[in-house]
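After this come two complexes, each holding chain A, first together with chain B and then together with chain C.
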Partner chain A sequence: MKLTIKILLIPWLSIGAATLYGETLTVSLLDLRSESGLYDAVVEIIPIRQMTPEVMPIEVSVDQVDKEFISDVTVVPVGSRINFPNSDEILHHVYSFSQTKSFDIPLYGAGDNLDHFETFDRPGVVVIGCNIHDWMLAYIYVAESALVSKSDELGKARLENLEPGHYQLKIWHARMGDDPPLIKEVDVAAGLDTNLTIALDLAPERRIRRAPSSTSGRYR
Partner chain B sequence: MSGLTIKPGFRSFRSRLIVFLLILLLPLLGGTYLFVNSNNRSYTEKTINSYLESGAGVFDFTLAQQSQTLVSILSSLTWDFGFRSAFGTGDQPTLFGAGQNVLERSLGSVETLLVADMEGRVIIDTALQGFDRLSGAWQRLLEDADRDQEGLAEAIISIRGIPHRLIAVPLYLPRQVAWIIGGYPLDQEVLDRVKQNTLSEVSLVRVDSLGNHIVASTLPPGYWSALAEEFSPSASGHGLQKFNLGGEIFGSLSRILNPDSSTDEQLVALIHRSYQENLANEKLFQDLLARFYLLILAVSILAVLFLARSVTRPVQKLAGFVSRIDKGEYDATLTLNSQDELGVLADSVNSMARGLAEKEKVRDLLGKVVSRQIAERLIKNPVQLEGEEKVTTIMYVDIKGFTGFCEGRSPRQVLNVLNGFLSSVAGQVESHCGVVDKFMGDGVMALYGAPVAHERDVENALHSALMIERQWRNMAEGELAEFGLQPCIGIHTGLVVAGNLGSSNRMNYSVVGDTVNLAARLESLTRYYGVTCIVSEETASKGRGLLFRELDLVRVYGRRDPVRIYQLIGETGRVEASMLQEIQHFQTFLECYRNRQWDEAEHLLSGLSAGGSTPALYSLYAERIAAFRRAPPPADWQGIFVFDKK
Partner chain C sequence: MLTKTRHIYKTGETVRRTGSKPASRLCQTLLLSLFSIPLSAWCNEFMELSVASGYEQNLPRGYLDKDVQSSEFVQTSVSAGKFFQPRVNTSVVLSAGGSHHLYFNQHGFDYSSLSLGVAIQHKLGMGAYTPRINLSLSAAREDSRGAQRDRDLYGIDLTLSRRLSAGLNFSVGLSSATSRGLDEPAVDFDALPYRQGVTRPTDPMDYRNNSLFAGVDYTLNSGWQLSAGYRYQDGYVVSSAVPPVVDLFIYTEAVALDPAYDHQRLMYLMESRADLWTTAISIPLSRDTAVDIGYNWQNFAVEYVGGYDNSQFLVTLVHQF
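Entry: the complex of A and B
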């Protein structure tokens, strides 16, 4: 799987009200294949010279509803804890063999393991699945910085209240597969909104198709 | 006359029928045989083709089935938590163990398993080929799989020289993290399995730049090298190929197993079917057909023989019957128990035989009443009351002294003598092509030249006269001679009217005219002249080879012109010298007589009378001269003696 990245546009300046640590970086990601915004891409910036904001771990739930993880990509700061509630009437078996975080929560039903949190204390990408339902696939992006955002359906990821300065920009998307995140450097100017547009040519992700009749039926 | 003519050819109706039957039947049977044979052959071809198609179908199905099983097993690995866990550990020996476990659990469906990461690095390889990174055909297999939406691809790749069917599937964890490549060898075992299901032989041929190599085959190993030699890769996939392997003909269909292979190596599966079994069946069928045809022929020939017999037997019977009729057995009757045409023919032949019998009776009767020649003529020609003029020689024969002979004798005796004479005369007449015109008391009138003319009628008449005279001499010894019985014969040749004389109901074939009368007169004159046979000048002049003596020149009763008459002496050269001399002297005498030289004439006559053969003749002339001396003839006398009565 090859990753082709093209930077189409350089940042342009826009005049705005300058506030203390109030700069905004908007990264517009373009999917060259579909020629539309790249959804669910993670954009993380890491300050190079300026002070790194303190990372505040959080607790998040990645629920399983109708034999799907409720979120395809969940972004958490490093050290965060995540539990995987089961909202279906059948059992799920959540696992991960990712090097970032490997865990295995054997079969459990609705209401179980609500207090079972997995701590994601290493930055990186964790792929989670259900051992019963092969098509169930979700990603946990463990960010090393607090400055992280996901692109919306238009492919725009917005980072606000930034201190002007020089940053390392990491862009990751599930379709990158095992490839490392795209790393760039970006300057956030004071008093100006920084806009960045990056076009990515990513191969389509091959996924196990959901069984056709698995959306209905009580015991599917 | 119309006649039945049969062209020469077959000697028997039976042969003709048999030949006709053969001409009719053989092309028909031959044609049918060829047609059936050709269809049979075409059917054999079709059957072989069909077997091969179905064999190829089963082969394809077997491979597809195995591939499907392979895909199922490999795909299930990606859901196998144990395998996933083993992969998840990243521990190669653990994953290798899991891989071997898969091989064992697949019961032979998967014989080799290779797991490679997304970069093509080999993680485990149960075949232990010893490479770290996939390349070549293996790499192309993964590229194909990567291009496929489902991540599936298959290829045939040789592992340790044995072609393997390999299938690549993704390993999801749950995202694709690796490739699983599993496969099974295309070896003898697979081919044996296909053979079990199709009863067709299967061979696997690897074609590379060095030639053809038989990888595996269900054919006997003895055929392998022949197959490798005969197989032409260029003909692969183009329908039926035929191979002669060790004398056995095989029809073969080919399947290129790696049509998309980018290597020079090609793997071709051949499905064979021997013609031997079908040819044996064909031969059996041919034999049966031939026997059946022989039976038909035999039955037909028997039927023809029967038919021929049913025809020829009556025909032979008919022929025999007709042959009997031909021999004159008219009284027989043919009986055929048949209502068909032959029955009708038999009736006709019977009716014909009856008709012939009646005709023969008439002929017989006619032959007795009239002469055979006349009877024939009467039978052959329509009887008409009209005559024809013809030159005919008439002979009258009578017996001198018969009236005296009859006196004092019984009628039986008389008839015996008479019938003996008449039979002798009639026999001589007929043997000399003459015809007895009628019997008149003790006399016979015979015709020569009528109704049928012959070349030598006159001679025939004269010869028959000589023979009658001779025969009479032989017969008339003893008693007959004593009574002076002697035949008298008169012969004259001239124009007569010949034809059927009488009424329309009853008639005779006969001749009439002056010639007839003269002949009768001449016969009467024999008594006067004392000779046996007198012929006219017309007759004597045509009697070649015979000797005559002129007797006189006479004018007979009822006739104006004088006639020179002659005595028939015999055949020239068989007459004695004394007789010849006598004739010579008599001729001289006649000249003197006619010249009224009475003295010389008498002198000559007295010489002749002494020991002459005809004393009556000489004494007659002596009396005539004496009379002339008394009353000489008129001055215009020409030597003619006139008879003024019959």
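Entry: the complex of A and C
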């Protein structure tokens, strides 16, 4: 993967008095291939010198609707629990081979396994799939910090209520493939809004095709 | 291995197999099967519609230039079925289908088909990239405009496939197809311009083809899929020709008046080894619909006679409900 990084650090003087832990970091991610904002990237910052906010595990659902996972990228803090409901009238079989979390929930139908939660107790990226429907693919980003956000359709990820200080910045996107997240360091100054613009040249996304063809099998 | 399913020589004997009543029963069974699919479980099932239009260069598999005839065609097919997953890595698909093939330049080759199939797939592990073995059995009845070309077609395929990456998938396999003619016509050999008293079997739709095949498909970032396949076929080809073609008559396994040409031609069953090549580009229009543009080329080698070929260009619209 060719990775080109251009970082523009633009500290702006905020108007008004800064409150305790009231700083904001906005990361704007640019996809060099499409020359537009990079959607669904994960931006996490980890305090280096200052106190680390307590990580509060959560419980969330990654649903399966019309033979797709909802959603493509789910971000949870480490220790969180996730269930995988099946909202289709067919069987699904969710699995992951990822080192971060390996699991397998065999063959279950609509309404089953609602109380079956998997615990994600190691930070990293977990790739999940369905053993029946090969094209079904989604990612779970397990954050080691509570300071994490996903970029919106404009490519902007916003982290608020930050303590001024020195942070490690991690950026991950599904198009990075097996490569590790991009890691940088960033300073969040007191009384300043910090804006970063990062341009990424990522390989195009490769997914197993879902559309039928005259040569493919009939059940999909 | 060449296998001829039947070798019955008849001279001037009229043997008619009753084909219409079993055909009706098969149709009824198929329709009942389709309509008995419970609507409440519709998502557990599939239905696929495809419409193809194209051009076939040598529709009658003509040996001599004068026998070669091309035609544009349209074919429509629908299939529906049910998917079962009895075990974690094993699935079973039951399907039924129907199709109609229309040849604009030679309506004698038009035919309709009803089919039933079962496919059992076993994955040798879990995930999208694990090898898988697929065994499929099929039975079809083809009803053409002339009874002599009506037949039952039975197929068995064993395929080993593996996806190497999100874009690249390949498969190899063995298959066997058995054709059983539903009508064995009477042929007055003495009326043919060959040596008096020389006869041949009169069941050209009875034969079996065995083949080895390999295929690969590659999906581009755009979602377009390129595919290529090769099949080596050891078996037979039915070739239609204007008599007299002495070479064909001498080496034919069976001969009959061809209903596709209002009995003005003969159809010969010839032992052949064939190379069948396919290429296609599949363009997704949505996640359930695609347009495929394909080119197929077939070369038949007939011992003592020579070789001849056929090519086909077609555009197919596939939609899955």
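Basically, the second predicted complex is superposed on the first by the 199 of 220 C-alpha atoms of A that agree within 3 Å, B and C clash if a C-alpha of one lies under 4 Å from a C-alpha of the other, contacts with A are read in each partner's own complex, and residues count from 1 in each chain.
As a convention for this text, contacts are C-beta pairs under 8 Å (C-beta built on N, C-alpha and C of every residue); 3 or more make two chains touch, one makes a residue touch a chain.
If you're wondering where the values come from, they're calculated on a predicted model, not measured in any experiment.
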| item | value |
| --- | --- |
| Which of chain B and chain C A:Leu192 touches, first, second, both or neither | neither |
| Which superposed partner A:Asn131 touches (first chain B, second chain C, both, neither) | both |
| Partner chain(s) touched by A:Leu107 [first = chain B, second = chain C, both, neither] | second |
| First (chain B), second (chain C), both or neither touched by A:Asp88 | second |
| When both partners are placed on the shared chain, which of chain B and chain C touches more of chain A | C |
| Touched partner set for A:Ile70, first chain B, second chain C, both or neither | neither |
| Which of chain B and chain C A:Phe97 touches, first, second, both or neither | both |
| First (chain B), second (chain C), both or neither touched by A:Ile208 | both |
| Shared chain A contacts, counted only where both chain B and chain C touch the same residue | 93, 95, 97, 129, 131, 134, 205-208 |
| Chain A residues touching chain B - in the complex, by the definition given at the top | 1, 93, 95, 97, 102, 127-131, 134-137, 174, 177-178, 205-208 |
| Contact set on chain C toward chain A in their complex | 41-44, 46, 48, 50, 52, 79, 81, 83, 85, 88-89, 91, 93, 95, 119, 123, 126-128, 134, 163, 165-167, 215, 217, 219, 221, 223, 225, 227, 229, 278, 280, 282, 284-290, 292, 294, 316, 318-320 |
| Chain A contact footprint on chain B (complex, rising order) | 78-79, 81, 84-85, 87-88, 118, 146, 149, 151, 170, 172-177 |
| Of all residues in chain A, those that touch chain C in their complex | 88-91, 93, 95, 97, 104, 106-107, 129, 131-132, 134, 204-215, 217-220 |
